[in-house]
Each structure stands twice: as C-alpha cells, then as structure tokens.
C-alpha cells in the first residue's frame, strides 16, 4: 500500500472511530453528559471534548493550524504538565459551558481540520511527513478508544449514584448455555519473551520486547465467576483478614465493602447494576467490578493466586485458538459466561487483574515532550490488568496490552483469573 | 375582603411567585441547571423541583391528592426527617433525571393541583378550611421566595467555579452619584419590643414578640463599603490575629482568605465576580460576600462593632423613612452605593451580619410535625443576618425577619453595618 | 486591711493555690504527665508549666526579671498571639523535654520570683503598684484554678484511652441517701441585672453588669439525672432526629454516640469511667459528660428546655440558701445525688449547659495587650455553662461566672438542668 | 556443633541481642520513651515491650508457659490478626501504664523464661525440638534487630518534632577524607539467580531462590550524595513535574517538600537534624531521608534511574570486595562519605530504594498461622530497599535482604544509588 492509500485508509478509520465516540453519547441528555460522580470519573462531555483536544494539540497545532477556541486548551487538557495549566480533575463536572452541543461543534471542526490535513499531506507526497502524521493519528485513535471505554464506565458510575437509576441501554441480556467446568491449563515457562515487537502500533509501555524467566504455572480456563464470589461472601470472606493483603483488608473495612461494586447479595440473590439496569447474573458469569484487593483475596480463598502479567501474556501468546468474549461493539455491555473449551475469554468480557505492579520494562525510557507523559509517569502504585472487557472497543487490545489502575479501583469492568504454581 | 376574594388574591399571588421562579431559570441551559458546585449549594433544577415538592407535600398531599410521581418525595425533600428519606445533600448535583424539562412539567402539574384546590375550597364556603389553606400556601410562597434568592446565590457560585466564568445577566451596571459621608445615628435603647406581632405572616422564628432591654447605641448610616475593605486588606487585616475572633482567624488562614469571596484586590484594583460578570465597584459600594468572621474583624478594624439583632430591629422599626436599596426585582443584581441621607439601605443591597447567635426567642416552641423542622432545628452555631439584599425578592423581608447562616458563609450576598456604644 | 497585709494574704493564697496544682500531679508518673490524648486536651506537665509561664509572662517579665529559660516562652504559651509563636496545640504531647522534674524546678523558680516580688513591692509602700500587682496575681491564681480543673478532665480522658484504664484516685465512692423528687421553682422574671459588679475579682467576660428582661420561668430543683438519661437511651433518643438540633443529630450520628462520654449502658446497667475507675452511679446521680447537643435533646425529651444564662444567673442570685454540691477539694471527684430541698447543687457537681451562645455583654470591650486575648476572642460558636463542678476548686466560681465550650464538648464535667416557661 | 553447643551459642546470642535493645534506650527518659510522633512510628517503650511479647507469644506460649501478664497480649501485639485484638497503632503513645520500668521487668521475665526453656530443651536431647526452638528464636532475634533500627528512626522523628530538638547521642561526627569520584560499574546480566538459598536464616520474603533474566546494566560506585541533592534543589527539581512520577509530584506539592526530611537548605547551607543533633554534612555524604518519590526524581535529574532489586542483588553477589559502610554498632549514627574504590557502601550507611514494587517471588507462599502474617500480607503498594544503613545492627542484612516501605516514607535512613542501561 502506498502512502496515499495508507492515508485514505487512515482517514476512513479516523471517521469511524470518531463517529463511534459520538454514538456512545446517543440517548444521553445534556444533563447526563455533564455529570461527574467522583473525582476519578469524568463527564461524558469532557471525554468527547478531551479526545478532540488531543488531536488539536498533537496533530493540528504542530501543523500550524490555529486553535478553534483558545480557551479549550485549558479546559480539556487532562494531565499534560508540558502543555500547561488545566481544570482540576475533580471540577470537570462544573463545566456547563461550552455546552454539549458546542462540544459537538468543536469535534466537527477538529474533524474537518484533521481530514483536510490528511488530504494535504497525501497531496504532498512527502513520505516521511505522511508516516509521522499517520503515527500520531494512530495514537490519537487508540487514545480515543480508551476514552470510549471510560465513557461507558463513567456513565455507569454516574447512573449508579442517581436515585432513579437510569438505564443506559434497554433490552434484556440474552440467556446463554451452561459453561463447561473450570480447568487449569499448564505452561512450562522458561525463558520467554513478552512485550510488543518494534513495529506496528503499540503503546510505549508495552516496549521494549524483552526476555523474562517463568517457572512452570497453570492458568484457569475461565475468569472467576459470580458463583465463586457468592461463596466468598457466604463464607465471610469480606471479614476474614487472613485472606487479604493488609492494606486491602483495611480498605475493605474502611469502605464497608460487602460485595463487588454495583452488586448486592442478599435474600433476593446476587444482583448487579449495569448499563442495562439491574440484572441478576447466573453463577457461571464472570465476576466484575472487583478491586485488585478483592481479586487477590478471592483468589486466595479459591486456593489459587493471581497470575503475573508475564504469565498472562505468555499464555495469551502461546495458545492457538482463543475464544474471545464480548467487546463493546457487540452491544451486550455486560460479561457473559464462557461457552467454549480452552482458555476462554482471555480477551473481552472482563479485564483481569494481575499480581504485577505497573513498572517500566527493562530499557523503557520516557519519551521527550508531552507524549512522554502518556504512560510513564503513572508507573507506581498501580496494578496491571490484561485482556480488555465487554466495554472495550473491538481491536483495541493486544496480548501485550497493559492496562493499569490503583488497587482499590472498582468502577472499571475488572475481574480476575486464577493461576497456580505447578 | 371575604374568603372567596382572599383566595382569589392568593391564587394570583401564587401564580406570580411561581412564575418569578421560572423566570430566574430563563437563559440557563439544562447543563447549567444541574450544577452543584459545593455541598452548601443546590442545582437550580433542584430548587425548582423542591419548591414544587413543598406544595405537593404540605398542600396537595394533606388534601388527599395523589403524588404526581412517587419518586419525587425522596428526590426533592430537603431536610425534613419527619417526611422520610432523602438524597444526600452533597449529591443533588448527580440527579440528571428527571430532566429540567420534566421538572417544568412537575411544577405545572403542582400548579394545576394547587389552583384547583384553591378554587374548590373557595366553592366550599368552609371559612376555617380556607384560612388553613391560605396559611400553608402563604408559607409555601415565602419558602419559594427564599429559594429564589438561593437560585441566584447558587448559580453565581457555580459560574464562579467555571473556567470560562459565564455571565448570568448581561448589561453594564449603571453608575450612581456619590454617596454622602457615613454618620452614626444614635438610639436611646431602654426596654423595647422586637419580634413579629401575632397576626400577619411571619416565620415562626420571628415570634413571639417580646421585650428586650437595650443600652444606648448608634448605628452607621450605611453598610461597610468596598473602600473600607480595601483599607482593611491594605493594612494587613487578613494577617492580624488581634483583629479577629480566634476561630475566625483560624478559618481565614486555613482557607487562605485574602479578600471577600469573588473579589480580587491587586494591581488592577478591586474586582468582583457577579451575576453580571467581572465588575469593578466604586469605593462607596457596600462590600459583599463577607463571612461573619470577616465582618466582625473589619468592624473592629474600623473602630466599631456589629450590632445585635435587637439593636438592628429596633433601629429599623423606629426610623420613619427608610431609604431601601435594591431588590432582586430591580434586576440590578449587585449592591449599589447609598444615595440618601438617614439610615440608608437598611433593607436591600446586602444582608447585614449581626453579632447575635441564632437562638430561640423567649417562649418559642418548635411546632409539631414536619413544619416544625422549618427553622427551630437550626438554632445553634449560626449567626443572624438582617435586612435582605439585592438578590431578595421585594416584599419578602420585614424588620423582624431573621436570616441565619454559619459564620464562615461567604457565598450569600452578605455585608455588614457598624454599630457603636454611646 | 493595709497594702502590706493584703500582700501578705495574697502571698499566702499564692502559695496555697500553687501547691494545690502540684498536689493534683501527685501519683502521676512522668509518663502519665506527658500524655495528650486529643488536640483539645493538654498534658498534665504542660498545665503545670503553662501556669508558671503565665506568672512569668505577666508578673515577672513586666517587672524586669529575666526569663528563667528563654525557650519556655515558646514552649508554654497557650494561645497568646500578642506574646509570639508557640508549639501547635496538638503537639504538646510530644514535648518530653523539659522533663516533669524540670518543670517542677521551673515552677519553684517562678514561685521564688513572685514571692520575692510581692515582698519587694510590700516594702516599697507604693500603693498603686501594690494594687496593680495584686490584680494580676489574682488573675494568675484564677487562671491556675481553671487549669487545675483541666488537669483532672484531661488526665481522665488520657486514662480513658488506655487499655488498662488506670485509676487516678483509689477508694470507693460513699453511698448517699435518696434524693427528694424533682420540683420546678418559679421565678417572675422582669427587668433584672446580671453580670459581675464593678469591684471584686471577676473575669472580663462577666462584665459589665447590665439589665436584661426575663419572661417568667421555672427551674428544676436538681440537674438531669442518670435515670433520665437511661430513659432517653431506652426510648431511642439517640436515634430520634426530631428531639435534636440538626447539627447535634448529625454530630451524634457521625460520632456514633449511644450514651454520654465515658458511659456504657447495656446488660450490665449504666457504668461510667471516672477518676476513681469504673463506677455504677445510682439513678438519681446527676448525669455528666453530656455535650450541649445531648443536653438540649434530653431536655426536649423530658418536656423541658435548657435555661438561658440570664435565667440561670438570676435564679442563682435570688435564692437564699443554695445547697452547693461537691467541689474538687472534697476529693470525691464524681457527682453525687442532690440530698437537699430547694435549688439543689446549682453550684458544684456538674457544670450546667445553658441555651445561650457565648457572646459579649453590652458594652464589653476586649482589653488591650495580651490579656485582651483571655476571653473575648472566643466569643462565638460556643455555649455558656454555669455553676462549676466536682472537679472545680472551691471558691473559684460565682453566680456570674461564665464557662464556655463548643457544643460538641463532652470531656468536661458537664451536665444540664431543666427550665420551663411558666 | 551438636545441639547442646548450638543451643548454648544461641543463648549467648539471645542475651547479647536483647541487651543491645536495652542499650539503645539508655539515656532516654521515661517521658522520651512514651512519645509517638506520628502513626507510622512507635514509642521506644512499645518497641521494647513488643519484642518481648514476640518471644512470649511464639516461644513461651507454645511451650505451655503461662503469660507474665494477661493484658500484655493485647497491649503489645503489633499487627497479628491471628493472635487477636490489639491497641490501634496510632494510640500506642497513649499507653503510660505499664511504665518503662515495668516493661524492663517484663523483658527480664521473658528472658528468664526463654533461657530456662533453652536449657530445658538442651537437657531433653530431643534434636527435632531443639531445632524447632532454635529456628523460632532466631526469627525472634532478627525481628528484634529490626525493631532496634526502628527505635532509632522513631526517636529521631520524635526528637525532630520537639521544639528543643533534643540530642540522642552527643559527640561530633569525625571528618572523613575526600571521596573518589563516582564511576559506573558494568554488569552483563543474563539469566541469574537471586533470593536466599534454602538453608541458613533468611526471612520468608527472600525465598525461594529463583532465576531472573537481566539486561546489561551499570551501577554507580556510591550512593546519591548531598551535593547532588543540593543541585536538584538549586535547579528547581522540587517544582519540575516532568522529573517526577505523577503521584510523587502530587505528594511532594501537597506536603510542601522542598528538601529531604530533616534537611534545610538555605543561606546557611545544607543542614540535617540527626541523632547527633543538627549537622552540616559535606557534599560527598550520601543523601538520606529521601522518599522513593524523591529518589526516583533525583535519579532522573542526574540522568540515571533506580536499579531493580534483582540488579542490585546481582551486583551485590557478584562483586568480591564490598567496602561496607557504617552500621549501628559503630555508633556513628549518620551516613559518611564513601572512601574506597569499587562498589562502595552497597551495605550500610543508607538503605537504597529500588525501582521494584514489593511483590512475592515466584513460588512464594504465605506460611500458615500467625508467622504467615510476618511479611506476605504487606506485598503491595510498597517499594523494596536494599543494603541496610548506619542505623541497622551489624550482621542483620544480607545481599538477598528485602526491606520495604511505602513510597512516601522519609523517616527511615533511606537513600538511593543510580543505575543505567548499558
């Protein structure tokens, strides 16, 4: 494919990804879109604007194109110290102006600018410039996909805090056939490679690809299920300190955790508030909205442990046929039970907490400039999650993909998968 | 006036007051109306709904009229424990549903119900019932007027927290002629009466009317001005502990106060963010957005003190011609300098902090039932303010009217007036 | 009595008061004396040093006598901004040096200096100087008596926080005969005078004596009792919001109050931790360690209300034979039931919360200099208590004496007495 | 060596280690010993008692010996949920009873019990029992050594919070000769082994020994110095977000960090409060009292990075002659400059932060029972430090030894050493 064709394909992907973001906001009122229900979440409108701001700051600005509105640089910067001042994170929900409609206008103006720029660069015939433009746009689209997932997790949280518990998408969840029993698949380990290869798109935190030594281990054929979490609750797991890491138990007690986030477990059984409203998952459904602390405790309760991220990635790479689960594009928006044999749903349905702290790979260097702030400065006090979820856009996640959140995080679509020493 | 005529007049006043509330929301987008910028403020939409809920709970409900929406009792209760559970105050800003439009529908439905009820009771010819209905509706209208002022103070705070600092009402503030110099008007004191007389509308906290003994005192002819606050700032008042009450100074330092709320005082002079945007008041403008702590310190700096509420009320009652200042209906929305001689602007422009803690009058009893929660349960840890402000609806305030806020409150249109011992 | 004789008497009283402070520390180890169990309390050693510092700062320093240790001015200043910097209040418990023994040396050095000064001034024959010295020493002794009570309240709190619950003074509390039933004594009110007369020692906050108008009222013949608090607990008073002021109820729930401080009320009955260890008071014992919030709620529960401070003082002044209760000098250290008829134990046993906020009397002016910081700067957000307690030194309290604490305070020996409108 | 001889040697070591703890308390008053200056530190008296409690709980109790005082199990348990309830950590400083003297008695009683037990088991000739006893005593002695270091770090913090800044040990610090310049020593990496071998004493978190793959790297010949930190300060490092991890910078700004803990850097140069009082270290002195956040930022400022714990351990194991620095037994109590060539002071002087989060080694399993709570439950949200310090008892630390603290910790004797990719 020549540069011109590549750029045309890129433009098509740009249009599709940007439209997908707007589609997520469909059905949300202006009032819904301004809600910020806790400092860790952002309003839907802010996500829509910030992803436009990203293209404006890193694509249009460097190309010499004047800002659409000078004030937006301050309003929609997320955390780039290199770029300048910004609205404090916890106050994003106070920004009623510009309106949701004006943010739509902003997005369209950015789109016109980006598409015109792609066109112009395609006309240039300057291969190096085309390559450089393609790279930064590809990063912007991957960035936008991350915010697509956040739009879903954040509106779920905002709706969960409302007395009337609005439903984001209507329609019942389809019943599934029963899951095969859980098995443990063994891996030999040894000196293996993990991380993204040098070519092709990947985030900087996935590189460099490097060698790690793994002891033999086994990985469960499916994520931890609702039935297993129910057993943990029933046997007093939330009140048994010896099952927990010390800080995890202190957090659970201080916060009064008695079940995963959005879940109630009482006389009426196990019910979860989801983007489809209240929902009673079957016992073989992957458990979701677990913190790392809970995932670690449940794993110990079940006689296993969480895998390291190297074990997880090695397993993901060495298995031929991965039966992937739900992605956001499927529109299901809740995890469903594993239907297949083998290493089921290693991708999709629920992110899987690993035992690994989020640290730089050997030889990793933080890039210069604002993009250097993308991943590297968060490499402490967080844990790595792998595999994507039913709220992740299809195609966004790879075997080497490293998601990361503080261990107390529960509002993400986060679950767990057991590992064992062999 | 017979019952029927009284009820007709009441219906007219009901329609006018309710319409005035809606007029305040004109020009605010749905997103503006859902903002809650701190726990002490509420969204405009919430004020609109809560004032409707008041009529539904205390007028329509007791008359046997079914709730318009069962869920609204929970959503729009403010603090009535007798009525039942409610949304935590700090989470009112998360209620995107019902929408601003649906709240408008709710208000209209309540209005239809109330007006129909007035009509029905008028037809009845049951004088006692008419009287009882008129009383509760009058309370509801006075309650609604209080929330009209809160709509203005709360949206000002919400707009002040936004990076783009939206303007609520456009149009410059008219220049005024220079103020006459400040004088102190003497009062003999002695055994005087304060409080509302038994008949006519007043809040329960204004009663019973009772005797208090006052030493001779003098009261300033105008409120503390911007020029006086500038002198306080310039001479280091915010950093001079001996000018302050101990807890006031601790609060000022902990919060980093260097000027009244919404004000900046630097090389560009004294500027205030108002409902008309940024504005540079002249030195003889009444200072606004002072906490009780600041008012007390500025008074000491100026060689005076704050009056007690009995002194204030006695002065207000014993002066023939009170030149009242601005009310909300005038549409100015900022305080303006005193133009007249005598006790200027004792009413309107800015609420005036008194030295008096908010306590029950002798013989005061908290009423039974939910309405008993209206005032009495807040009688501690607050200070009394008197006289109304440029954000108060005309006619709402009397000489005996007692407003009250915690001493650290600054987001109200609060100022001060000096008193002196004679 | 001539100046010389007055000064001799003053020297005797000085010696006795200073010795009484040291006697309170008898039996406390050096480790006990350094404890600070919350920011509102101070270590015993600090009280011993601070009261010496007071004489050094306000008596010896102005007389030109060099400081005993330059560093103590910083260490043992309580809250006098005029004097200079000081150790943050919450960190007084970290001061292991100087030691308890060195503080004893410091006290003795101050005593020598003060007694020598009294002697010298007596020799002078300068009557004005003698008078001025006598006044400031009298203030210092009254100040020291206040800290004597604080030594007892603070060590009680520190011991209550220890797992082994040490006992401050051993020996059982003597049984008392049954109390006569509670009666309400009526007072006519009218225009009465309260406050301290111009001559004789009193704190500045008790002056000027002034007129207040009182409606007729009645006052209970004894304080609220343990039996009444048990009824309040048994009938769910701690969980009935309509009995409380709003902020009181919020505090009670946030703090998890289910009984007064130091009290447990369960299957084993009502037990209180006291300076004599755990103790089961009889039902007719005055209830102690109530906050203002609890006192106000219990009063409402019992169909009464708290008196204003003017009512209390008027009653105290107009009753001939006041049967006073226990003082600290009696060594009982816990309140005991009222044995007499009439207005029993208006003084002693337990401080009595009044409904009155702590505000300046008409004409009150804060004195210039450091002593002006003694009382006036605390006149907000506190409530007045009257009458002294079983931990107050005999002779310290007058009818006009105004004690004051924030309404949530419970570690003082604070109770309540009912009033009623007539 | 036969069992009897081994036990005799163990008894000798027991006596010496226990005496060393008491020697650290020499010169501290009873008041000094009860101080707790923040929740993360403990009173010296508590350390003395807790280390006795450890032997009582894990040696004497299982041998059927009755508790010396039933109440001490509650008082001196640190964090063993399996053992039972305990004093909240932040309230250890409120325990004035038992006294420092009584804790001395307690320690002696425990010593008698342990030595008698060793003797009895030696007489038994039961080799298995002797081995088991020796193992738990060895753990107890290593545990006690850890608390010896904490006694020093905690009293330093308590003294730093006191206005008079007491000096723990008097006597000036000896001047040292100039350091050789810093060099980077290269290591090839590859598949190496780290962790403690199966035999010999080591903590459970050092095992199992296992293989890791290392890329080539280089390690600095000495720790980061005071001179380097001064340059970091002078060039605005504390206010340059791009040098820091995001959470580190947020912490630094929220806490107002401008220099390492205990250090001031102003016109008077760089001065540090130490156990020998205020002290001006030379520029080539290892910097101390750095948090992980600061260590990481300073490393980036200097063009390096922190080593991983595997790199550090590999370097420590593969270098023949390690010139170790100061240990607590040397009595210097402050770090001194590196005098030698080669990998200087990898051990002693200052602990060295690594980039590695504290996680379990492959195959690590938490032991059953209370001892399982020793290390494993803290394996999250902390970073590993290596090498011991001038406050660590000689002989306590190995190449495989893993110390760990949260990244914001600064009151430990913590420094850093640079690594580089090759």
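Read from first to last, the chains carry the letters A, B, C and D; within each, the first residue is number 1.
Keep this in mind: a contact is a pair of C-beta atoms (placed from the backbone, for glycine too) under 8 Å apart; a residue touches a chain by one contact, two chains touch by 3 or more.
Note that this is a predicted model, so its numbers are computed, not measured.
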Touching both chain A and chain D (chains): none
Chain at maximum distance from chain B, centres defined as averaged CA atoms: D
Euclidean distance of C-alpha centroids - chain A vs chain B, Å: 47
Chain A-chain C separation of Cα centroids, rounded to whole Å: 60
Averaged-CA centre spacing for the pair chain C and chain B, given as whole angstrom: 38
Where chain A touches two or more other chains at once, by residue number: none
Touching residues (chain side chain A, partner chain D) in the complex: 79, 81-82, 191, 210-215, 241-242, 244-248, 292, 296, 308, 355-357, 359-360, 362-363, 372-373, 377-381, 383, 407, 421
Contacting residues of chain A [partner chain B, same complex]: 29-35, 37, 45, 71, 74-75, 87, 91, 93-100, 158, 161-164, 166
